[in-house]
Amino acid sequence: MSNSPDDSSGPRQHLVEVGVAAVMALLGVITVIGSLQVGIGWGAEGPKSGFFPFWIGLIVIVTSLYNLVRAYTHGSRKLFASWGEIVQVLKVVLPLTIYVGAIPWLGIYIASALLIAGFMRWIGRYGWLLILAIAIGLPVVTYVTFEMWFLVPLPKGPLEDLLGL
Amino acid sequence: MSHTLRRRAVAVALTAVAAGLFVTPANAWEPTRNVEFIVPAGTGGGADQMARMIQGIITKHNLMKQSVVVVNKAGGAGGEGFLDIKNSKGNPHKLVITLSNLFTTPLATGIPFSWKDLTPVAMLALDEFVLWVNADSPYKTVAELVTAMKAAPPGQFKMGGTGSKQEDQIITVALEKATGTKITYVPYKGGGEVAVQLVGKHVDMTVNNPIEAVAQWRAGKVRPLCVFDSKPLAGKEKIAGDLSWSTIPTCKSQGLDIEYLMLRGIFMPAGVPKDAVDYYVELFKKVRATPEWAQLMADGAFNQSFMTGPDYTKWVEAEEKRHRDLMKDAGFLATN
Amino acid sequence: MEGIGDLMGGFAVVLSWQNLLYMVIGIVLGVIIGVLPGLGGANGVAILLPLTFSMSPTSAIILLSCIYWGALFGGAITSILFNIPGEPWSVATTFDGHPMAQNGRAGEALTAAFTSSFVGALFAVIVITLAAPLVASFALQFGPAEKFSVFFLAFCSFVGMGKEPPTKTIAAMMLGFALAAVGTDTVTGQLRLTFGSTELLSGFDFLIAVIGLFGIGEILLTMEEGLSFKGKASGINPTVVWQTWKELPRYWMTSLRSCLIGCWMGITPAGATPASFMSYGIAKRTSRKGDKFGTGEIEGVIAPETAAHAAGTSALLPMLSLGVPGSPTAAVLLGGLLIWGLQPGPLLFVEQKDFVWGLIASMYLGNIVGLVIVLTMVPFFAAILRVPFSIIAPIILVICAIGAYTVHNNTFDVVMMLVFGIAGYFLKKCNYPLAPLVLAIVLGDKAEEAFRQSLLISQGGLGIFFSNGLVSTIMGLGLIALFWPALSNLYGRLTPARPT
């Protein structure tokens, strides 16, 4: 997209695939451990709670290890993504992470307004008028739709407590 | 419709704002925002139906200025809902309707909560249990069924029930003990499904609540054998032929000394003001006085006991102990 | 044909201006519910139920069932436009619907989806009208073993269809099964794989996984490629509906097959979600353009939408005649019937003729009204894609978060959504198929439950899955579907190439 020097370097596809396969194998191991805790036998009344998860976990481990080795030996050496592209992705991941982390403290309405405002300003470079209109408008519409029409309570924070909503 | 809805919603919002701005003298507590009514079970079950019925009655008769919001938290056999109440200490805008999983879930799963983490408000009713068989089966009385069960190889008779290590399975174990037989218990997700499995002859008997099986009974698909209560049910209205709820004999009179009733009660989080508890007690008294409630009670042949305050607390305490004994005998206690 | 006369009576009950108004309101509310992920049809119906007590039961059920239709229609909209399925049964619609939108054919995809939904529902209503009692007795034959066989069939007809490496497909699918197992084991009541965490009590909900993997994952991929939705180029074209309609009759075979699959899955009752996956899988295998599925084939939108709507509609039948809901929404409607003093069950059709036939008549009319409403909105919906990415992206993120929260009213689920989103990005980039993973999460615990219930009944014997004609046939079909690629491959090799 841009011509920054970052575009030619970045993590290689095969290494990322090795990482993904390793994480999946780890999840498989966790599944197996959890299954062992609840019993993996085949009792008189059919399989116990851990029977299916145990074997499923084993299959995940075996296939993931195969995928891992395969990716390392035969995987594509091409770029997974350039550093520039990864920065682009992080521009969503980071605000989203902060947003998710802020919901229990600020409530979903304030957090959403901040996310929208931040995103539109930082990525889109829009004027403040449009930003304020959307960043305040959407939470208000959400409030009316969810809390008033459908009576679905969403997480609220100190501001809503103050307003007595 | 949506217009009136919106107007109503706006009105609610305005009252809420007004209540926030002009604080009325606090002689009587009243909710200042929407009240969350937690159902520790899935949509469509007995507790859910009752909660939504109450929500409807309160809305229709305008019994409360704020709205009631029903929220289902069914995870972990209802543990999710109870934990939410436990963690909302001091919040007077949360209610929970219970079923027997108030007692059974912590015992069977080890999820850390007990009724002592909650404030008892009121017992609304007790739900009855009836022993049902398929109408095509040859068993007309409990004695005939028990004789057949004793003659059959152990485990051949299958009992369908709702959930695992909960009320239905507790009764099944008691039934095994009383008759000296072995029954295969097959757990399903909901009471309605259990009734249909009986009609489809996939199981041999069930202990459905009256309301779950009444439609199949009226259609002549299932047959009640006895009710797990100390006295027969009240309903005299004819349901199937000449039979009514009151004609079903008690299990005790049929030689099965088993009694089991399920609590349909209301609790609040711990540490809420006494005024708030009193407010809700009054509210539920008003709910119980409506014709809709009476209809629900009659349809479901509920045992209409009502308790509040210390009586209720004492009852809950005794009930928990009973469940602990029952669960221990049945080997349902969590091992860890 | 006693049914026809009753139906006419039903139309007479329904056709009042008041009831027609309720229909329009119901459809519009339903579309809103369907569009917003997390606010499922079950939510909407449940929440409005208390408000309808003051109406007559017939008007109330018309309003509520129209919300149900509206939600079925609405689920497709966000799937096609943003790759976010508003409802579980529209996941399969994303596979080809979203690529179509990316190719600038959002209007066509939406028209195809809405029209197919209508066809599916209409077919199911006709089945209900003509064969209600027969169908009800058929549904009674479904015990745990039969249910397991249906899940098995649905699964077999979907798996093994991707171009991805088989070991990656298996790994992704098994991971889905593992996620489905987390939480309370319904058969023993034991908690498993929660490791003492109270957050995991209710397990991983399918919707959260889908919102994360598809919705958030898609936004991350879009960001990586530069800031725009590819669908931006599509113009507003008011005639798109007619143009698409001219093309649709060509796919009558796919539609008919999907109708049958949908009705079958709705009545059994396995539900609309497996029906849509199964229908998509079979369409992909039988279509001449099968290898192009996933890149924006209109047939890949028709198949799942038709089946999902047929299943969603026919699921109401077991509810009315047996009192067993075929879907969560039906479960809430069922609660409504009880509150109005109507007892669903075998006698409902005899004792409450007005009500039942009024409902069936409202199914016909509600669908027609619904189709007209949503079709007029197509150009408007397609135009949403013209909103710049840096405005629409944060709004989508917020809607996703709300959707994830409302599933269990739990902020932990929002965290999980983020995790699934990042996982979706990596899995997609590393060529792991997401569809089998998602299907495993949907069907995993249900299939396991039915399997273990069966074994309880048979006391451990696997013979129960071949114990009668019905279950053996379904299992047999499942096995054929599973090995179909291998079989057709073998067949292709054995028969000498035909001269062309």
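Per-chain residue numbering starts at 1, and chain names A, B and C are given in the order in which the chains are listed.
The rule is short, and it goes like this: a contact is a pair of C-beta atoms (placed from the backbone, for glycine too) under 8 Å apart; a residue touches a chain by one contact, two chains touch by 3 or more.
Values in this document were obtained by computation on a predicted structure and should not be read as measured data.
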item: Contact-richer chain pair [A-B vs A-C]; value: A-C
item: Chain occupying the middle, per Cα centroid; value: C
item: Inter-chain centre distance, subunit B versus subunit C - centres from mean C-alpha coordinates, in Å; value: 31
item: CA centroid of subunit A to CA centroid of subunit B, Å; value: 38
item: Inter-chain centre distance, subunit A versus subunit C - centres from mean C-alpha coordinates, in Å; value: 24
item: Per-residue overlap in subunit A, given as positions that touch at least 2 other chains; value: 45, 151-153
item: Sites on subunit C at which at least two other chains make contact; value: 47, 185, 187-188, 190-191, 194, 409, 456, 459
item: Sites on subunit B at which at least two other chains make contact; value: 2, 5, 71, 184
item: Footprint of subunit B on subunit C - complex, ascending; value: 21-22, 25, 28-29, 42, 46-47, 49-51, 53-54, 63, 140-144, 183-191, 194, 198, 201-203, 322-325, 328, 331-332, 334-335, 338-339, 341, 343-348, 408-410, 449, 453, 456-457, 459
item: Interface residues, subunit B side, partner subunit C - complex; value: 1-2, 5, 42-44, 48-49, 52-53, 55-56, 59-60, 70-71, 73-77, 79-80, 83-84, 108-112, 155, 158, 163-166, 184-190, 192-193, 195-197, 199-200, 202-203, 211, 214-216, 218-219, 221, 292, 295-296, 299, 332
item: Residues of subunit A touching subunit C in the complex; value: 1, 13, 16-17, 20-21, 24, 27-28, 30-31, 34-35, 37-38, 42, 44-50, 52-53, 56-57, 59-60, 63-64, 66-67, 70, 80-81, 85-86, 88-89, 91-93, 96-97, 99-100, 103-104, 108, 112, 115-116, 118-120, 123-124, 126, 134, 138, 142, 145-146, 150-155
item: Residues of subunit B defined as touching subunit A within the complex; value: 2, 5-6, 9-10, 12-13, 16-17, 19-21, 32-34, 36, 67, 69, 71, 184
item: Subunit A residues within the subunit B interface of the complex; value: 45, 144, 147-149, 151-153, 163-165
